[in-house]
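Following: one structure in structure tokens, then a few remarks.
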Amino acid sequence: MDISFDAIPLAHYLLLSATLFVIGVMGVLMRRNAIVVFMSIEIMLNAVNISLISFDRYLNQHDGQIFSFMVMCVAAAEVSVGLAIIIALFRNKPTVNLDEFNIMKS
Amino acid sequence: MELLIFYPLAGLCVIFALGVVFNKNPIGSAMSLIAMMLGLAGIFVLQQAHFIAILQIIIYAGAIMVLFMFVIMLLNLKGDDAVWKKREKNTLLTVLTGLLIAGVLYKVLEITSAGEFDSPAHVLETFGTVREVGTILFTEFVLPFEVASILLLVAMIGAVVLAKSKVD
Amino acid sequence: MFSYCWIILFAPIAGFTILSWYGNRMSRERVGMFGCATVGLSFLVTLVALSELLLDAEKQKGAVSTLYNWVTAGSFSLNLSILIDPLSVFMLLIVTGVGFVIHVYSIGYMREDPEYSRFFAYMNLFIFSMSVLVMAADFFFLIVGWALVGLASYLLIGFWKEKTSAVLAARKAFVMNVIGDVGMIIAAFMIFDHLGTLNFLDVFTLAGEAFRPNDDAILLITLFLLVGAFAKSAQIPLHTWLPDAMEGPTPVSALIHAATMVTAGVYLVARCHVLYELAPYTMYLIATVGVVTAIFAGSMGMVQYDIKRVIAYSTMSQLGYMFLAAGVGMYSIAMFHLMTHAFFKALLFLGAGSVIHGSNDEQDIRQMGGLRQAMPITHITFLIGSLALAGFPLTSGFFSKEAIIINAYHSDMGNIVFWAIAVLGAAMTGFYIFRVYFYTFVGQPRTSVHAHESPPIMTAPLVLLAFFSLTVGFGGYMVDDFLATYFGMHMPHPDDPVFETIGVGAGLVGIAAAIVFYMTGKDRLEFIKQMLAPVYDLLFHKYYIDEIYDYLIVKPTRATGAFMEEKVERDGIDMAVDQVGTQVREVSRVISLWQSGKVRTYAFNMIVGVVIILMFVVFQ
Amino acid sequence: MEPIPAPSIDLVSLAPVLVLTVFGIMVLVTDLFIGKNKSALVFISLTGLLMAAISSLAKYDLPVYSFNGAYIVDHLSVFFTFIFCISSALAILVSIDFNQREGIKVGEYYSLILFCTVGMVLLASSTDMIMIFLGIEIVSICLYVLAGIRRNDPKSNEAALKYFLLGAFATGFLLYGMALIYGTTGSTKLTIIAEMIREGSVRSEPLMLMGVVLLIIGFGFKVASVPFHMWAPDVYQGAPTPVTAFMAVGPKAATLAAFFRVFAETMPEISPSWGILLYILSVLSMFIGNLGAIMQTNIKRLLAFSSVAHVGYLLIAIIAKNSLGSASLMFYMLAYAFMIFGAFGIVILIGRKGDENLEIENYSGLAYKHPILALSMTIFLLSLGGLPPLAGFVAKFYIFSAALKEGFVVLVILAVLNSAISFYYYLKVVVYMYMKEPIKEFNITLSPMTLFVVAIALFGTLHLGIFPGPIIALAQY
């Protein structure tokens, strides 16, 4: 059975993807909590996944799904390292407020 | 039919994404993020990407978010982050991100009107199944798959090096 | 062919290397001997090359000796090579010859200095750099030499690093030189862009076909080259570093800031005369700037009290004459004046050095006086140098300067205005140098410091240079013949007795004016009795003429000079240069402030960049 | 069900990656069995790097594509593999004494450097966007960890955090760009993308261009070009000095190699659209980098800003997009490796335990106490500035020639102007070393390994400067 997809043009998915990406960017800019900033970055990655998978559906191939699979891998890797950094940081200075980390500046 | 599913799901995703950004409590943010990811999984299903949808739930909503929650709990973070502490700067930021949004949306709408991407391809029923994705993963994309293992190894080493408690 | 000429380069760089590593462990005599020997060797090799050129007219077309191919990029390659032709050998003779004499003099002058070996190391480095500059076979190595002499000059001006003014002067000279270097580099890129080569011989062959006269391209190229030339030769408006450079040791002033480095700009114009001939507008500019610098610097020289600064301004002024000559197309006359000037100006600086040395590091001429008896050899040689500078008949300066002045009017590109200003400048020259002479050597000692004559190692070079200052003028024809192959023409000898007489007279009038104003009492009477009785009678019949002159000429002149120095130089040009520095630092500070240390600021800036780029693409 | 077709696998092509991975794991395992003395690990790591370099020559008759066109062994990748092995080896050598002095006793340090090298090799050899993405991530994650490896040092922590957050942020952009390019060309393989662009059969030109722009942003961050450079000074300052040197060379070279592949080799047809952006980034990087460096008082920050400026020069090679451009990129990175490791080697030597002496004024009077160190530092700095006849000059010369060949005269003139500006701050350090009185005692332990690195770097800087012919011939091959 063929599935028809006439109802939703690709652009809607791309729009959703772009919107989520921008929300992620806003989160990075606005929040001071390192962990929330980090979560916002995850939103950005997820937004890209939507694009990849929508393109796949449109192009009738699986490369994008492989790509998004790899993105998940990378996200997992980044999360583990990133949270480890935050934990190491927290040991020396018990805060996750990004504005308090500015020993180094010109 | 798809429209009926897509728009509510998309709306929920956007709302939860905003929830991540505007929630004062990190735990609330994390919960919103999980909800958003589940919503995205729904959208993936809608696009026939069953395998990825499942991975989305298992890896993201499952593993990654659990790690987040774990760290938030471990560090015992409270909602100490006033989002709008510095008004003037944030206004500027908002204006700029607004510009960014305008730029991106403008671009996307332009594409839409160009009509290049109007009709999606007709795909087989097997599209996006584990078998299909797995086949291509182990043939055409076998190298990235293997390299991903190095990546995860590195991440593991890194996490251990940075977070282990013994101080030397 | 000419591969032995590499010795000219290797000897001084070897000297530099050895002296900077082992100099501290060598005895002072050894250091001095060694430092001079390397330059002497270069000089001897230059003589060999000269004889080869003279004996075989065929070789005067020039030959390139290549050591090896350095880098190749596509069709373009850079070879490590030197060009030996009459022009480069001519310059080398001055560089190594005068350089050698000044090295010998330095043995005596720097005797007391604790960092004797460092001084000779730097001096050798300078000789090496200057040799690179004049022997370069392409624009690339020309620029390398150009930058290297700037570096050597920086090191030598700032040699006494505990002296703040010296360090500041060194920095100023360096900055000015870098401005020039950048101009040269831009010019080189443009040449490469248009002709696809940087090699002198190729460039000059191709230029004639590639450019039409006064093309935009050739005008820009020549102008950018000129930025380099003017910066190096201290022409307006890039001149302010030269007077300050006098903070360095006197032999340095003699070698770098009189005889050799500052003449590099003139050499550049002469070397690239093919290009300049394609750009008559630029030639006109050269002549104009030259002649303006000549009187501008002359007028400033008249009001200075530091003996070295007077001579420094005089150097600027004489360089202006050289540019005037080059600008009106009389390259070999420019080179001729370059040579005579190298001798008598080196002589004057070394004489000044001897004076400073003999009177316990005093540089203010008002504190000197009556050194005639105490320093007889210095006195005589300085007088000879002054006469040559003023263009006193039959001294070397007379021949070269006369040729310039007369050609400023008679050459195709000359005109009466150039001539008139040049004559005025000649009068100023006579005036300011004899002002110094009288202040220093004539009259009564003004302080109780007991002056003494310098040791023979210092006076011998003076005598040698004095001899040449008197005699080289007669070699004008030889110089002309020798360089004619390169410039493709002989220098003309316009026959115009009236203008010539006025030219000669101007210098004499200047001298006379100095006598009038600066000889006092007994000395003046004595001197006048001996030498200029008729003029004295004429001018000094009544004593109040003094006052009239004072009001009509001296005070206005002095005021102009002071004004020039105050307003134009300090407030105008120096300010501009300072402002550039200040603004650069200000920008740098802003960039640093931007680096606030906060991640969110950084992310924010990234997004600003992203947004701007996206907008750029979206609305393109 | 039809059987799954066998994948195309070419392990010989992958030899350096495999060798490095195996040795990386070997280091990890060995670390469990040895005590505090980590010299065995150093030995294993260096052997691994040497073998990886040799094994990169296993393929001849280049270029060879493998893994369905995801991986290539060509001249660029082999040359860069050598650069990576050299720079990683220098980084390890320079770390030995430093780690001992500063008490970094983490065996994983060496394996992370090896894994990072794996990532770099992959990055330089990949012709698939997925692979490039994974390569960048392997390299980045290793660097995040290495930057923060001094866990008790707040500066190191902070550097890791800043680098990590901004790096992950930039990854988002990079990824988005890749997604858009994938969507509009229908493939992640660079060869197919190139073909689509050549034939003009890209689905949506504007969307594709947006992808390209986002890609530039992502790459721009990874190589620290303005305006995405702001992490560099802080991270360079906070990271342990050997890591700083390491990240200034290897990862940057790898990213530039990928940058060159993606832009100059894959999409030369649409170069006007990305060329102008790179042009602007290049000019901004040069100016902001050089002007920013002038006021710095910390030597590591100064070198960080100077590296931003160097990225500006290097981008010119990509803008030039010709074969001379790739050759000059290779030569430049090799020369840069020597200059940077030389300079940082001396920075490490000047430091002491507990007092790293990173302020420029701490270099006052070095020339009197240690003339050879001062002279070496002078040579490295002047070479970074581009003084003939040193390596930095020849490197710049080739990049500028490549650009001139394509007619970018103004860009080259701006670059030369910037080189002139850069001398201002390089010479500032030299002036401190030669013309100022020491402000405190130098208490330098001349650790042999670091000296060895400085000696190699000195040799490299001089040799590449005076006799560049053979190496440039190899690069142009």
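Annotations for the structure displayed:
Going in written order, the chains are labelled A, B, C and D, and every chain counts its residues from 1.
What we mean here is this: a residue touches a chain if its C-beta (ideal position, glycine included) is under 8 Å from a C-beta of that chain, and two chains touch if they have at least 3 such contacts.
Nothing here was measured: the structure is a model prediction, and the numbers come from that model.
Contact with chain B and chain C alike is made by A, D.
When chain centres are set by their Cα atoms, the one at the greatest distance from chain C is B. Distances from each chain's CA mean to the overall CA mean are smallest for chain D. Interface comparison, A-B versus C-D: the pair with the greater number of contacting C-beta pairs is A-B. Inter-chain centre distance (chain A to chain B, centres taken as mean C-alpha positions): 5 Å.
Measuring from the averaged C-alpha position of chain C to that of chain D gives a distance of 45 Å.
In this assembly, the C-alpha centroid of chain A lies 26 Å from the C-alpha centroid of chain D. Averaged Cα coordinates give chain B a centre that lies 31 Å from the centre of chain D.
Contact with two or more other chains is made by residues 21, 24-25, 28-29, 32, 37-38, 54, 58-59, 63, 66, 70, 74, 77-78, 81, 85-86, 88, 98, 101-106 of chain A.
Among the residues of chain B, those touching two or more other chains are numbered 93, 97, 100, 104, 107, 111, 117, 141, 144, 148, 151, 154-155, 158, 160-162.
Residue numbers of chain C whose C-beta contacts span two or more other chains: 591-592, 595, 597, 599, 603-604, 607-608, 610, 614, 618.
Chain contacts here are complete: no pair of chains fails to touch.
Residue ranges of chain D in contact with chain B, taken from their complex: 4-9, 14, 21, 25, 28, 67-68, 70-71, 103, 105-106, 108, 111-112, 115, 118-119, 122, 128, 130-131, 134-135, 137-138, 141-142, 144-145, 148-149, 151-152, 160, 203-204, 206-207, 210.
The residues of chain D lying in touch with chain C in their complex are 161-162, 165-166, 169-170, 173, 209-210, 213, 216-217, 221, 226-228, 230-231, 233-234, 273, 277, 288, 291-296, 324, 328, 388-389, 394, 397-398, 401-402, 404-405, 409, 412-413, 416-417, 420-421, 423, 435, 466, 468-469, 472. Remark: chain C residues 604, 607-608, 610-611, 614-615, 618 touch chain B in the complex.
Here chain B touches chain A in the complex through residues 1-3, 6, 10, 13-14, 17-18, 20-21, 26, 29-30, 33, 36-37, 40, 43-44, 47-49, 51-52, 55-56, 59-60, 63-64, 67-68, 71-72, 74-75, 77, 80-81, 83, 85, 90, 93-94, 97, 100-101, 104-105, 108-109, 111-112, 117-125, 127-128, 132-133, 136-137, 141, 144, 148, 151-152, 154-156, 158-163, going by the rule given at the top.
Here chain C touches chain A in the complex through residues 591-593, 595-600, 603-604, 607, going by the rule given at the top.
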